[in-house]
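When the chains are written out, they are named A, B, C and D in that same order, and each has its own residue count from 1.
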Amino acid sequence: PAGARPRRMANSKYEYVKDFELDDTLLPNCWIVVRIDGKGFTRFSELHKFEKPNDKRALDLMDACAKEVLNEFPDVRIAFGESDEYSFVLHKSAKLYGRRSSKIVSILVSCFSANYVRQWSNFFGNQPLSSTPMFDGRAILYPDVKTLRDYLTWRQVDTHINNQYNTCFWALVHQAGLSNAEAQATLKGTDTGAKNELLFSQFGINYTHLPEQFKKGSVIIRRHQEFVAKHQDDGTAVVRTRRVPVVMYCDIIKEQPFWSENADLLS
Amino acid sequence: PAGARPRRMANSKYEYVKDFELDDTLLPNCWIVVRIDGKGFTRFSELHKFEKPNDKRALDLMDACAKEVLNEFPDVRIAFGESDEYSFVLHKSAKLYGRRSSKIVSILVSCFSANYVRQWSNFFGNQPLSSTPMFDGRAILYPDVKTLRDYLTWRQVDTHINNQYNTCFWALVHQAGLSNAEAQATLKGTDTGAKNELLFSQFGINYTHLPEQFKKGSVIIRRHQEFVAKHQDDGTAVVRTRRVPVVMYCDIIKEQPFWSENADLLS
Amino acid sequence: PAGARPRRMANSKYEYVKDFELDDTLLPNCWIVVRIDGKGFTRFSELHKFEKPNDKRALDLMDACAKEVLNEFPDVRIAFGESDEYSFVLHKSAKLYGRRSSKIVSILVSCFSANYVRQWSNFFGNQPLSSTPMFDGRAILYPDVKTLRDYLTWRQVDTHINNQYNTCFWALVHQAGLSNAEAQATLKGTDTGAKNELLFSQFGINYTHLPEQFKKGSVIIRRHQEFVAKHQDDGTAVVRTRRVPVVMYCDIIKEQPFWSENADLLS
Amino acid sequence: PAGARPRRMANSKYEYVKDFELDDTLLPNCWIVVRIDGKGFTRFSELHKFEKPNDKRALDLMDACAKEVLNEFPDVRIAFGESDEYSFVLHKSAKLYGRRSSKIVSILVSCFSANYVRQWSNFFGNQPLSSTPMFDGRAILYPDVKTLRDYLTWRQVDTHINNQYNTCFWALVHQAGLSNAEAQATLKGTDTGAKNELLFSQFGINYTHLPEQFKKGSVIIRRHQEFVAKHQDDGTAVVRTRRVPVVMYCDIIKEQPFWSENADLLS
């Protein structure tokens, strides 16, 4: 609501329609994951000529939007993104919107979507945004740290599988000149080792040398950062620290070093 | 998801985390209302110097975003907006996202939010957008046309009450020089007649002459519109019709003329 | 709760555990169907030597329990039973337990289950009840009369299909001496006509002459009944009427005569 | 369902009504508490002349019914009862009915209610059961052992508060001849110490000497029990052990000795 509006709505005759608004409060003491997913991004990425298999501008834009979500919502402790999806983990004690599911999901999606447009030109320069980027979202609860960590592992394993597949696929299409169907047929049933071998022998690509952002996805957490809070009369800078979201491309499956170094994240 | 991604995720060890994704399908055969609401728009409107009590640019921007929602989602039959909120009515037979509540709410909010940024400059020109506009949403089910119509009535009665109050309030503040608290005290307990009398006697404002958009809010439905589909070889235009969303400022409480003229909306 | 118990529970330190009790209110203005289903009744019916394919004592006991549900809960307008299942239709305006789903389902199941034991000997005489009869339940909402009627039709069509099949099956087993597997194989893929033909030609059973209770299931509604309220001083009886649940075995698929004669049921 | 019924229900035209059965699966990996509560037990207890403040026969009957619930449902790890309510704790890994809430709640309530009638005469002898005992139920999820233990503590603290209050109340009514209202007024605002003092000085009752069942409620867990499985040819008994539900009246708030001795309960 906006402005000086008095929220009385003293029209008792119709107010009964509010009884149809059912409660969707999320169970307390559970970690809340909000996963958002691009709608129709295959078409969106073609329309905007995203590089295949990965467009660094598009991934950086995703990361920038996710950082804004962390700036707006302190309850978000960690975020993980890949391709056109992002997962936001809210602390199990989060009280945002009284833990009402649809409110939480929609406001995060709204923040992300509006930022996608706001920051588009920071990453795509003069290339116009020629259709509306849209994301849907959902909330998932994890009652304990183990299942939450398994969720994050699941997403990062997915990043690897997709990236490896897509790297092969687009090499076959762009460099070897195969059709999409031929590329798909070539890859069908191949395991991780065979795919790496194919990349190396046929295209000279060493998979392990590809950018970490493509192989691992993006992790966002908050880090202490020094900043100049003000200057004293004599000109000396007063330096303070604040916590700001930072993007990392690193393993979040193994305990070492990420989780041991960031033990407070899930405490 | 985007691109050539194979949606297999053949990592069975962690896939169990999907079991935590609970179903939130909405009951079939009920009208779905998705109501979205600006977050922190009091501050947002001050920051962007919205005119009080109504900023036509801001209302027109809201209407433009809502029109895009109708363009994207054919299931939306009618929308009603006022101030920083908008309600979208999806037909009771809507199958969008298998009627999963969080998906439907979030994608509509996403479409609206992204458009708010995309179209900002169409209405605010060079005035920069200096914070992120955000909206939350929720879904409400109405099992029959009567309760759905009562919902819409409830919102339009709310528009009237708020607009009349705000018109008085800001006249007292801006024209009579009262403080916010004094204006509030002056209006406390006054009924509709007294407010109109106050506007007329003290400020020369005839409430009934105010713009319909302010008094009634905005209604969006689809209307047949002719368009030139192509030109024949001899240059003759081939005119076809399509249904496009149009904004109206009219009464949706009474049967006549809106509902009788648009009987198909809720059939 | 029982007795003089003061429901304060002034132990604030632990009362936070109540926050985990989430709301499960059913959407207003929808018809509520509570369907209950015997648990392990194949074994229960063998243990108590129920006659196959239908044991009239068992069906009458089910009907008697369902009548008690109608006696206890005025919101139940109509009930339909077959075999070991019963559906109870609560009026769409029902306010029982504030429409909380688990409370409504459990109390109806409780009433039914307790009565099954209480009234067992009325139907099974001295035959002991040698295991605990149990029923599970669920609530289903229907937003309009059409879908509700289709639900009831679905159940009565099911009654017919099952009864016809079971009548054939047990004739083949008991009279023709087939094994269960042989009977099943014989019936596989036969349609309604073939089954009636089999019953008639092989066993001399005219399906249409079987008891209506077996073929149609049981319908319970309330009917006006006269009763002697008191006697006047001169001995004259004062007759009043009250509405009592009555069991009927009749078609509830067609409009005539059931629904036209009982139009008030679903109004 | 019962008997040879083929669960095909090949009547596609009406089967769409199944789409209205929405999923109510409980979040995995959470402890499930099903709490059941007597309906109208104030009246039920008066009708059956229960002793006040506690009727040992009625409490023993409740315990017997709860034991049957543990016999039927292995997922139930521990139960706690007081007055006319009982809480059943299902292990967080329970798969009963696919964790569908209404099924789980209703089947436990059904088992309890049917047993209440079945076992009535074991505790009340020839006194007839003159109305139907009914219980409602609900499911509550606790994501971790701490909150689950706090739930159990909450109930046992409640037992103490209610029992102490009721003991005072009925002493004032039965022994001191006060009216219900006078007894209530006398107790208003008194703390634990004052209530014990009142019991001792005015009625010679030492609260700590009251039966543990009244003060602590009933705890049910499973214990190993030896039984004679068979006899060998030479007549020697073959003794085996099985786990059977046992009722205890003990503190479940403190760690020692209950939880340390039964550490496996919540593992």
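Some notes on this structure:
Definition applied: contacts are C-beta pairs under 8 Å (C-beta built on N, C-alpha and C of every residue); 3 or more make two chains touch, one makes a residue touch a chain.
Note that the coordinates shown come from a computational prediction; the quantities given were computed from them, not determined experimentally.
By the document's definition of touch, common neighbours of chain B and chain C comprise A, D.
Of all residue numbers that take part in the contact between chain A and chain B, over half occur on both sides, making this a same-residue interface. Per-chain CA centroids place chain B at a distance of 51 Å from chain D.
For this pair, chain C with chain D, the centres built from the Cα atoms lie 28 Å apart.
Put simply, the C-alpha centre of chain A and that of chain D have 47 angstrom between them. For chain A, residues touching at least two other chains, in rising order: 20, 22, 27-29, 141-142, 147. Taken as a graph of touching chains, this assembly is fully connected, with contact between every pair of chains. On chain B, the positions that touch chain A within their shared complex are 1-6, 8-11, 14-17, 20-22, 24, 36-39, 41-42, 44-45, 50, 52-53, 68, 72, 83-85, 97, 100-103, 105-107, 109-118, 129, 132-142, 147, 150-151, 153-154, 157-158, 161-162, 165-166, 169-170, 180. Considering their complex, residues 27-30, 92, 141-144, 147 of chain A touch chain D.
By the touch criterion stated above, chain C contacts chain A in their complex at residues 19-20, 22-23, 25, 27-29.
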